[in-house]
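Shared between the two complexes below is chain A, which pairs with chain B and chain C, respectively.
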Partner chain A sequence: MKSEDEPIRIGVFVCHCGTNIGGVLDCEGLTEYAATLPNVVFSDHNLYTCAEIGLKTIKEAIEEHNLNRVIVCSCTPRTHEPLFRSACEEAGLNKYLFSFVNIREQCSWVHMKKPEDAFEKAKDLIKMGVARATKLEALETIVVDVDPSALVIGGGISGMNAASNLSKQGFKTYLVEKEKNLGGLLNSLYRLFPNDQESSELLKDIESRIQADKNITVYTSTMITSIDGFVGNFEVEINQNGNSIRIKVGAIIVAVGATPLKPINLFGYDGKIRITQFELENVLKNYSLNANNIVMIQCVGTRNEERMYCSNFCCMSALKNALIIKEKNPDVHIAILFRDMHTPGIAYEEYYRRARESGIIFIKYSPEKPPIVEENKIKIYNEYLGTEIIIPYELLVLSTPLIANEDNKQIAQLLKVPLEENNFFLEAHVKLRPNDFATDGVYIAGSAKWPVDITESISQGYAAAARASTILSHDTLEVEGATSYLPEEYKDLCRGCEICLKLCPYKAIRKNEKDEIEIIQVLCKGCGVCGASCPKKAIKIKHFTNEQILSEIYALGGKELP
Partner chain B sequence: MNFEPKILGFLCNWCSYAGGDLAGVSRIQYPPNIRVIRVMCSGRVDPKFILSGLQVGIDGIIVMGCHHGDCHYLEGNYEAEVKFKMVKLLLSLVDLQDRIHLEWVSASEGVRFGEVVTSFTESIKKLGPSPLSGENFDQQLLEKLKAIELAAGGERLRALVASKRIIMEEGNIYGEKISQEELDEILISAIEDEFLRQQILLKLKNEPLSVKDLSQLLNIDSSVILKHIISLKARNLIDYIKIEGITPFYQKL
Partner chain C sequence: MYYLERNSSNVLIIGAGIAGIQAALDLADMGVKVHLVEKRPCIGGKMAQLDKTFPTLDCSICILAPKLSDCYRHPNITLYTLSEVQKVDGSEGNFSVEILKHPRYIKEDVCTGCGDCAKICPVRGILNYFDANLVTLAAAYIPFPSAVPPIYLIDRKRCVYLTHGICVLCTKACDAEAIDFTQKDTIIKLNNISSIIIASGFNLIEDINPLKEYGYKKYPNVVTALEFERLICASGPQQGHLRRLSDGIDPKKIAYIQCAGSRNIKDKKYCSSICCMYTTKEAMITYEHDNEVESYVFYIDMRAGGKGFQKFLERGKAEYNINYINNKIAKIKVDENENPIIIYEDLNDGKIKELKVDLVVLATCIIPSEGNKKLADILGVDLDEYNFIKTKPFFSMETSKKGIFTCGCSHEPMDIPRSVAEASSAAARVAEIAKGR
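And now, the complex of A and B:
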């Protein structure tokens, strides 16, 4: 390892990339130019610097000329930086003392018709690269151990499948459920679409597998009380009936599910003859139904100002339950009052077709003219007929959405993960990372994120387990050295405004017990927003320091860095 | 003479730099004036970088980041935007605002990358050389730009800008949410104040001056100068070192 105090000795390697660069730029000229720049003690050009022979040249030059900075002028760091960095490391040079100058993608290829201007540009870029290299610092990557175990919060269908999957992959898994029993909403369902399987059957199957699994420890009637640590090393405290238990895990999956909305003050809900779709499931279990006229109202308490979202499965629940009733007793009259029916895919659309065939009546209403519920009849303005019609009922079933659990906020705070506007958990990215949180090592599955049906809950349970295993399958994690940090000598500058703490997307900054700002390097991704924002300019961004960036700017301006 | 501007681009690693690479792979041709500094996130672009670039005579500076919602670091580009807006407001005080530009370019927008760079280069060509480069070097402007850099680097503006989104979304420490418009008004007035204060401080660094002197030097009404002198003195940044007749002379501490 090269010492910090040595004089800077830079080696510059210009790549022809066959004719890709060499065909436009005078690479020999650039090599000669590089040699004239301050601190450059060696410069060379190769036909292909990334080829074995090119890498060998770099390694030999590091030895021979005692180089403590290496610059390659070739393609883009986005593809080739790792390769050149490892060549430097093989020759004993810290990989952060390597610097890249892009003279292909952003020079020779885009200025092919102006080779002279492109040459001048390449010279500037090399000059800037050399200025930056002079200010580079060796950095250490941190290696942390990974605890090969996982915590799944929530013992519903999603959480159970996640836990089972993790266990099968060989990871010790803790499954924590706040209720007395596993199963979540499965417990209150009768039959499931799209195969009309009994909910209890599915539940029994997965639950018995979980209970028999020695690799899974189930804690029911248990709450999470504190979560500390970071990816690979979470320390979690749970409380079961007043007993506090501490567990250590490498990854956490949030599968807390969601809660059916009770439509208090909506459409005369009384829980007896005006019930919710979820309550109907319970009625159907024993088939204690003696109504001849049943009306279902869809989108109750949702897709409105208060809750802008569609709860995803309620159309299907209504169709499924209506068909179950029709099968038991084809004489029952069922009307479904809907705003829009959502039945995606072949299997779901089939339910709708069957429902129409079986004589179930569908009446569209608009939110401006909602159904008016009276003692034993409903007045509804029929969009298609353009007139109000009256339907008698003995049972009114209200399809209400799933809403976020009340304790989501508390769990989100413990995990330091965000919630969206309806208090569901918010994933890192809707398409790129749909089952991740931005915080490393924490994943999400099922209706905790958004109301989803059973099939989707199971898929997401698997997805989250697979994502968690990308961490758990490693003994150690190597953490990027280019992170932000608060240098010891700047600690006095910090006045504790906590702006950095709020801006950090990864919650990598916290206040420690001494009320000092502390940056957890393992969590930091090095975006640099905290450093650019700190009112006291106390935070430093390693590998993209102010000094390094300013040195490039001043080099371009042809001025000395003050 | 054909003016070829010197242009500096700050590109975020994940979107815009990748977009620039794609422009290369697609052999999109654009003017060779731009020199690029890669940063991990556009939110890393400290206002100081832009202001230093202008001071060393760069003719135009463009910052590029991911489109809203696409940021690799979730919301770094929003931070880039609030910082950039402040720099733009500050530069409008010395008519340099058109020399800087912020643009969102994704990793798939190779063609657009070329278009953005071309159009920015053209716009700088139309503006002509920077007054801080070449023969017609404007020393007074450089001093003002230094004051702007100090203002932008000062705790007040940095804290205001850095907490802008927090205040808009979560509210201030009293839980009051403040609208974008109100915050912009606060920011504009703070910017004007800080710019003037830094100019006063720079003048008082060199020699002791009276309010009247400062008013003449900076071409600002003496009552406005006095207001800031009082505030600077209250913060122990300046003090009077002599009194001639009844006129106190101030110096930077």
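And now, the complex of A and C:
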């Protein structure tokens, strides 16, 4: 590890990011400019600094030029900071002596129409970054123990498979379900696409495995009341029929599922002869169906202004139920009114083909001219024929979407994880971290994240379990060292006003027995709220010290921090 | 200290696209030793070739590159590039595997990636698969500048030293002395492999079918979606400035044809799942490059079931000048200036119409990886009627054989988020076995 007392030697690496930056900014010019800044002893540019070659250049430069600060001018710390930090560590440099300058999102992308101005801005950003880097301090990360156990919230098909997998991997697992029974929406389904297996059969199979598993403790009729702690060490309080139980787990999986929409005031829904696709499942269970003309309407209450999303599985549910009816009684007339048939992939498209071959009629409608439902007939405008068609019905089935559970907000608050605009849970990264939350140690699976069918619910249950296992498989874990603290020498400044204590979103601040403010380092995420709000400036935020931030501001104004 | 290390055995993953990489990283992070086999010279698969990704328009290589590096550097992952699995014996818990590794003719631990060999190599005209064969390279090459591993290789079929025993200019040019023509095919034997994941990815229908009805290959301004990705990509053959292949003119009117080679009885009956969304993405990126571009998407059903997809489509319509035309086209012809003319039936009035455009992009069908048939024979797993890996209903990671799992497009066309989730799910199943329970 390099000593902090030696002279500052900064290396600056400018990334072209293909043409994302290089197409707008003169990266060679920026490299030359960086070399003129104080304390910069080396500067270079790469097509992709994050590529293996780029990382190699950084490591070699650290050794050759004895660098003790490294700056990469490129993209965002959200995706790339860990990579560059570990490259620095491999070359023997403390990872907190690495600093990012964002010249992509905050420069080349937003100013692509003004390359000259963008170049000047990039120079300023680099100048500020260099000033900040000069003030950086080496920090130590914190090592915590990991409790090799997990909590799965939600005992539907996704949660049950997640729990079963975690248990088989050797982790003690708690499965918490708010309803009386496990199984979630599977309980209300009859047969399942694409192989027409009975829902109860699939459910029975997994449920019996769960119940027989000594490594899994199931709590039904149970609510989560509080969640404290952090990755590897969550302390959870649950409430089963009024009894409070405390459990300690290393990771948490959210698999709370979603709720079928009741189409109140839509297409004459009455729950009797105008029912939902979910309600039809129940009718089919005992086959108490006596209708010769059945019409199904897709995208009811969805793919509109209020719910701008496709619920993914409703086309398949409609096809499946229509085929079940057709197979029981080929004489029943079934028409499916759709906007776009959603049958992606191999098996589902084949299912759609079978449905058309069976004589089910498909009529496309546009949202501008939706079907008009009357007492016992439907009027629908057919664009291709350019005319209105009238179809009689004795049973109207409305395919409604899954909507987010009402209590998602409470769960999100307990876990401090975000929801998206439809109140489904928001994952860490839509593409590359589909089953992680941004919060360490918390994972997401199934329709709680977005409406999915059973196959995807199961695979996401397993996926979330795998992600949790990447934490639980370790005895210990390193957590972020860039935290807030109250330095010994500032303790006298603190007046005990408790503003920080109230504002801390991570419950990381408490008062100890001596009535002094204490910041619990493993809980602190380094967000800086406490430091910014402290009226006496007693709290110091590591890696974002006043000195570091002010040096950037002074550099922008062309001065050195006094 | 890894919890699993104490009783763990090894795992084999076949294919290092995003699915194989994710499965490898998950297992490696659990402390399981992973052997990752890739037939190409570098990892990243199709995702590395894409410009941006829907529905958030992140630059594909930018979000993938950290994973490639993680994979390359992870102490629990052993990577075998230019390699194929050629023999597998045994059963769940204890497979033995033979890997055939082809030579690079460049020493992996010595090459600095400087590219001097490629500069001096006199053999040119090697089609680069990575740029959808739109660019040619020398016989000493690297598929793309940020490839992982960052090591050059020499094309054994084209290098004049390897074929005719003359040249060796690269040997003289290489200061690092990395060129090694004595390298041979090697067989690597692995024992005690507890389970296997197939992540063989996919090919595209243009690899096996000339798509004559769309005039592909006949008309220079009819390109496939993957070719288009390279054409608009900053690191592609046109440095991100889209031009027509016939005359270099910037296209202003672009037609996108959905379901090319899919959803019909003549070609493939199934739906490729991802084309509606990537087409919208391609039209958006093109508009961002040039606000005068008009896009026309000819489609059968708009399939936007994933998270944020419907909103993405609406944005395309409202802000990016994309017109969606509900139709499957009849034919494409060209005028004297190589402008494609699309002949289609307008479903709004039933009339046959023509639309002249500057460029046509075909959303071509995803087909099984060309290696699936051979791989299935070696592994003893079943394929479906199209040669995708057959999976169990509801458990998409399970193949017909115990101890062998699959994920991603090796068993069905799917998008990146689902491929990544499936990769983790396969890793989860493998972890059960690796722990011996």
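For this structure, a couple of remarks:
Keep in mind that, in the parts below, the second predicted complex is superposed on the first by the 340 of 562 C-alpha atoms of A that agree within 3 Å, B and C clash if a C-alpha of one lies under 4 Å from a C-alpha of the other, contacts with A are read in each partner's own complex, and residues count from 1 in each chain.
Definition applied: a contact is a pair of C-beta atoms (placed from the backbone, for glycine too) under 8 Å apart; a residue touches a chain by one contact, two chains touch by 3 or more.
These numbers come from a predicted model, not from an experiment.
Judged by the touch definition given at the top, the superposed model places A:Trp450 against chain C, while chain B stays out of reach.
Contacts of A:Glu552 after superposition: chain B is touched, whereas chain C is not reached.
When both complexes are overlaid on chain A, the residue A:Lys121 reaches chain B alone and has no touch with chain C. With both structures placed on the common chain, the touch criterion links A:Asn195 to chain C but leaves chain B unconnected. Contact with neither chain B nor chain C is seen for A:Asn329 once the two complexes are overlaid on the shared chain. Once the two complexes are overlaid on the shared chain, A:Gln413 sits clear of chain B and of chain C alike. Touch counts on chain A: comparing chain C and chain B, the chain ahead is C.
Look at A:Ser459: by the touch rule set out above, it reaches chain C but stays clear of chain B. Of the two partner chains placed by the overlay, only chain B lies in contact with A:Gln106; chain C stays clear of it. Overlap of the chain B and chain C interfaces on chain A: none, as no residue is touched by both.
Only residues 4, 6, 8, 13, 17-18, 20-21, 23-25, 27-30, 32-41, 43-46, 48-49, 52-53, 55-58, 72-76, 79, 83, 114, 153, 155-156, 158-159, 161-163, 166, 170 of chain B touch chain A when the two sit together in their complex. Taken in their complex, chain C has these residues touching chain A: 1-4, 18, 22, 26, 29-31, 53, 55-56, 58-59, 61-70, 72-73, 113, 145-150, 233-235, 239-240, 263, 269-271, 273, 301-311, 314, 326, 347-350, 384, 386, 388, 393-397, 412-414, 416-418, 420-429, 431-432, 435, 437. Against chain B, the residues of chain A that register as touching in their complex are 76-78, 102, 104-107, 109-114, 117-118, 120-121, 124-125, 128, 428, 438, 482, 497, 499, 502-503, 505, 525-529, 531-537, 541, 544, 546, 549-550, 552-554, 556-559.
Those residues of chain A whose C-beta lies close enough to touch chain C in the complex are 17-20, 22-23, 47-48, 50-56, 75, 79-80, 82-83, 86, 148, 165, 168-170, 192, 194-195, 197, 202, 303, 308-313, 340-350, 353, 364, 383-384, 386, 420, 424, 429-435, 449-450, 454-456, 458-467, 469-470, 472-476.
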